[in-house]
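Below you'll find the structure, written out as structure tokens, and then a few comments.
All chains are identified by letter, namely A, B and C, in their written order; residue positions are counted from 1 within each chain.
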Amino acid sequence: MTSFTDSLIELLGGLAWVPENAAGIIFVTVSVLVALPVFLFMTLNAMVAVYMERKVSAFMQDRLGPMEVGIFGFKGGKRFWGGIGQTVADAVKLLGKEDTIPGEADRALFIIGPFILFGAAFATFIGIPIGYGLVISDFNIGIFFVIAISSIGVIGVILAGWASNNKWSLYGAMRSAAQMISYELPVGMSLLLVVMVVGSLQFHDIVMWQEQHRWFLFHSPFTALAFLIFFASGVAEVNRTPFDIPEAESELVAGYMTEYSGFRWSIFFLSEYANMAIIALMSAIIFLGGWLSPLGGLFRTFNLEQSWYFLEGPWWGVFWISIKAIALIFVMMWVRWTWPRLRPDQLMYVAWKVFIPFALANIFFVGIWELLLG
Amino acid sequence: MNAADILSTLPELVLTVTALGLLLLEVMGKPPRARFVWVALGGVGLALGLEFAVPSEGQFYAGMISVDLFTRFFNVLFLTTAAGSLLISVPYLRRTLEERGEYYALTLFATVGMMFMAKAHDLTITFLGLELLSVSLYILVAFYRNRVRSNEAGLKYLLLGAFSTGFFLFGIALIYGSTGTTHYDGIRLAIGSGEQLSMALTVTGFGLLIIGFAFKVALVPFHMYAPDVYEGAPTPITAFVSTGPKVAGFAAFLKVIATAFAFTTQHWWGILWILAAITMTVGNITALRQDNLKRMLAFSGVAHAGYLAIAIMVGSADSAFALLFYLAAYAITTLGAFGIVSLIEGEDESGLDMDSYRGLARRSPYLAGVFALIMLSLAGFPPTAGFLGKFFIFSAAIDEGYTWLVIIAVVNSLISVYYYLRPVVAMYMQEPADESAVAVPAFIVPVLLLVVLVALGLGLFPMSLVKNSIAAAGSLF
Amino acid sequence: MTASLFYLFAVGLLGASLFVVLNPNPMYSVVALVFGFANLAAIYFLLEAYFIGALQVLVYAGAIMVLFLFVVMLLNVQSDADHPSLPRVFRIGSWWFGALALVFIGLFLLLVGRSALALLAPSEVPPTQIGSVSQVGEALFTRYLLPFELASLLLTVALIGTVFLAKKKI
């Protein structure tokens, strides 16, 4: 399996004008070239998702949402495209805003906090493929790498909350820490069961397995349950309603983000939407067949080159995985605007007494299922 | 893993299952707490029986443990100590209304840890056994959650113990880094064949191991925690803490030195010499000034660790046998001493000073007799087992030419006579405050009988233990 | 290339560790420790032991350090520098300690200098085999079976202790 990075290194190493033994130069160049698309993706993702969120919420509440700002005069219809330029304007506004640091705050940690959160989300994308071979670096531990790196993010949240020297921030950070630590366990356990069935931690192997058998969502009742647990815990990991007690605006102002403004605040924002995308992408890859077409095999009767199957080639994979991820993101928004928030104790109850026991039992039952029917 | 592996750890498995069963019984709606002790004793008895019924010999679990006469000697000693400690605990726990399943379970877990320390043939197992023992003891020391002293002792023990664990682990890491293995035989081969990365690394690692062990067996200057922990812990636990880790620590220490290093690391002998001398002196001199029986016995334990360190340092077959003999005599008599202290002790940790022992001979002559015997044995009067233990260690040391160290040790023994005789004098030559006899619960009687058997019986007819010790020590060489 | 990256991460690790010891503010120390662990994980990655590296990040940086932060935050530990009552010796003491630590590190590097070079030399086992999931798993359930089980027993005991000592009503 060649990854994006491998191809780049090969390409650069093969160029005539690149001197011999220039490993250092190639290393730096590749790092930059790899980081750029990820950063672009995160920014774009946040902008699109924010717009989507506002429109979806407006739709749910029978409002119109943003509808004034257009792009180059294009304002579209009221319902869907009105205000299409709103997020661009918001972004410009955020960047131009004054960036305040409270006088009593711990300056160093206040500054570091958002970047740790961002860095974790950023590094996570390195391991997530968005198509066959379309991954930045292909580790042999795929899933495990993603889980490990994303677990760092919570440190950023805690630091931000503590350094703000604000009681709402501190409460938010502590709730967030408790929540993220608790929900990491069901996430890991529900993925464990997939790893157990496939026998590999690599995303590619998991999708290949689903190509040969069936999507994990439909594989057995237990894997379906695992999908539910994973997705729900994932929503909790990114602190979204109904699990958004760390930033519950009616109680804690804005939780750990209370004191942040301007650019630093937008970094939090960026990371939050990036984390949403990560959860959606991971669910899509692991349980919903990743870049496989849902029309699976419908058009294989045509005797064509593999890559030009209608709706089945590698680039179509990007299309399918995006559709799946966007649908899951839509579900997250849907949930957010329809369900009320849980209390902190209910939140812990759900994690420790519902999700974790079920996830553990799931592993056991999937083992039996595979032994009997596998 | 195969059947032989399981058979080789059968006693440990029995104890673990018993302990887990006790924990399960505890969470029942109405736990039958009065029967817990019988369950625990049954487990210990079964383990003891299996030790003889299913003997194994050799290395098991891919060389992780080795089982031979040495480990059987110590397993019997550990199980006896555990049984004795359980028996001592029952009246105390019932008097203070704290009889719970966790207490017995943790005692058994600690015993499993000790047994693995002796059986270990790989530093990983040594470490895990040590930690299993230590963690169980941290909890047991702080078992009386509502007593400030107990909590303080637990916290101190935990913090300092964790610190020493760090040394121990770092020592293992350095030895692994140098020799590329944690297996005792592998380390010996690497040192012997010169295939280690650097001798300096191995020696440094071994020095750190010494610190770790010195902590567990309370050698000066790593003894700081001992008096506070012994005083703060509930008395039956003090009995266990002052015997279990000491015996297990010396057992593992001896096995590591003999098997993994084959007495080759001479670099540290000077340090051990000094450690032994300081430990004896500090332990004995500080004990002179103690009025609290538990503190006095704590410092006496430190002093005994000093004598035992001599045996470790000498490193001959004779001294190894002497170490085993001494440990057996020390463990049983100290257990008995704390058992009696826990009987005299009143409510709220009163009755621990010398005055409480005034005229005990008139109040309960048998109890006083046993206590006097224990004190004489600890002090090393002939014809007790304590005397023979000291005699064996000192003669082994003289054979190897450590005359000065033996002179220091003998002077120390003379000093120790003073404080060991203080309670004896109080019991026999002073008037009691009240004339009522001390109630001796039935649970303690077997322990006292065992103490008499060991202290006096082995003093007069030592050959059975001597033979066993020599055989056990012989399997190390 | 690998060697220079190794030195980069090793210096990062040492620097972070020194900072942990020297800094009077516990919050900063924890952050530095996380940074140190990240560097250690990077060194594992350099050795292509991805699994162990990720384990390092997940277990230490991700879980244990968060608990550390949690505790530090919950106890609201003030930095030592905020306590003027602390004797001066102790405040400077950290620097003494730091100097000692530096000496120790220097000695240690001298001791292991040869070993470190030996480590960087290509080993006989193909690097992708070291610390892969299957290898770790196999070792854990064959050679290290007994330590594995003993460790689980140890954790059980620790768990019992925590609940027993800390739970309000038992």
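Points worth noting:
The definition used in the following text is that a contact is a pair of C-beta atoms (placed from the backbone, for glycine too) under 8 Å apart; a residue touches a chain by one contact, two chains touch by 3 or more.
Predicted model, so just to flag it, every value in this text is computed and none were measured.
Counting steps between touching chains, the shortest path from chain A to chain B takes 2. Here the chain at the heart of the shown protein, by mean C-alpha position, is C.
Centre-to-centre spacing of chain A and chain B amounts to 55 Å, using the average Cα coordinate of each chain. Here the CA centre of chain B is 33 Å from the CA centre of chain C. Inter-chain spacing, taken between the CA centroids of chain A and chain C, is 28 Å. Listed in rising order, the residues of chain A touching chain C in the complex are 23-24, 27, 106, 108-109, 112, 139-141, 144-145, 147-149, 151-152, 154-155, 158-159, 162, 170, 173-174, 177-178, 180-181, 184, 201.
Within the complex formed with chain C, the residues of chain B that make contact are 1, 9, 16, 20, 23, 61-62, 64-65, 102, 105-106, 109, 112, 116, 122, 124-125, 128-129, 131-132, 135-136, 138-139, 142, 145, 154, 177-178, 197-198, 200-201, 204. Those residues of chain C that touch chain B in the shared complex are 111-112, 114-115, 118, 142-147, 150-151, 153-154, 156-158, 160-161, 164-165. Within the complex formed with chain A, the residues of chain C that make contact are 1, 4, 27-28, 31, 34, 38, 50-51, 54-55, 57-58, 61-63, 65-67, 69-70, 73-74, 128, 132-133.
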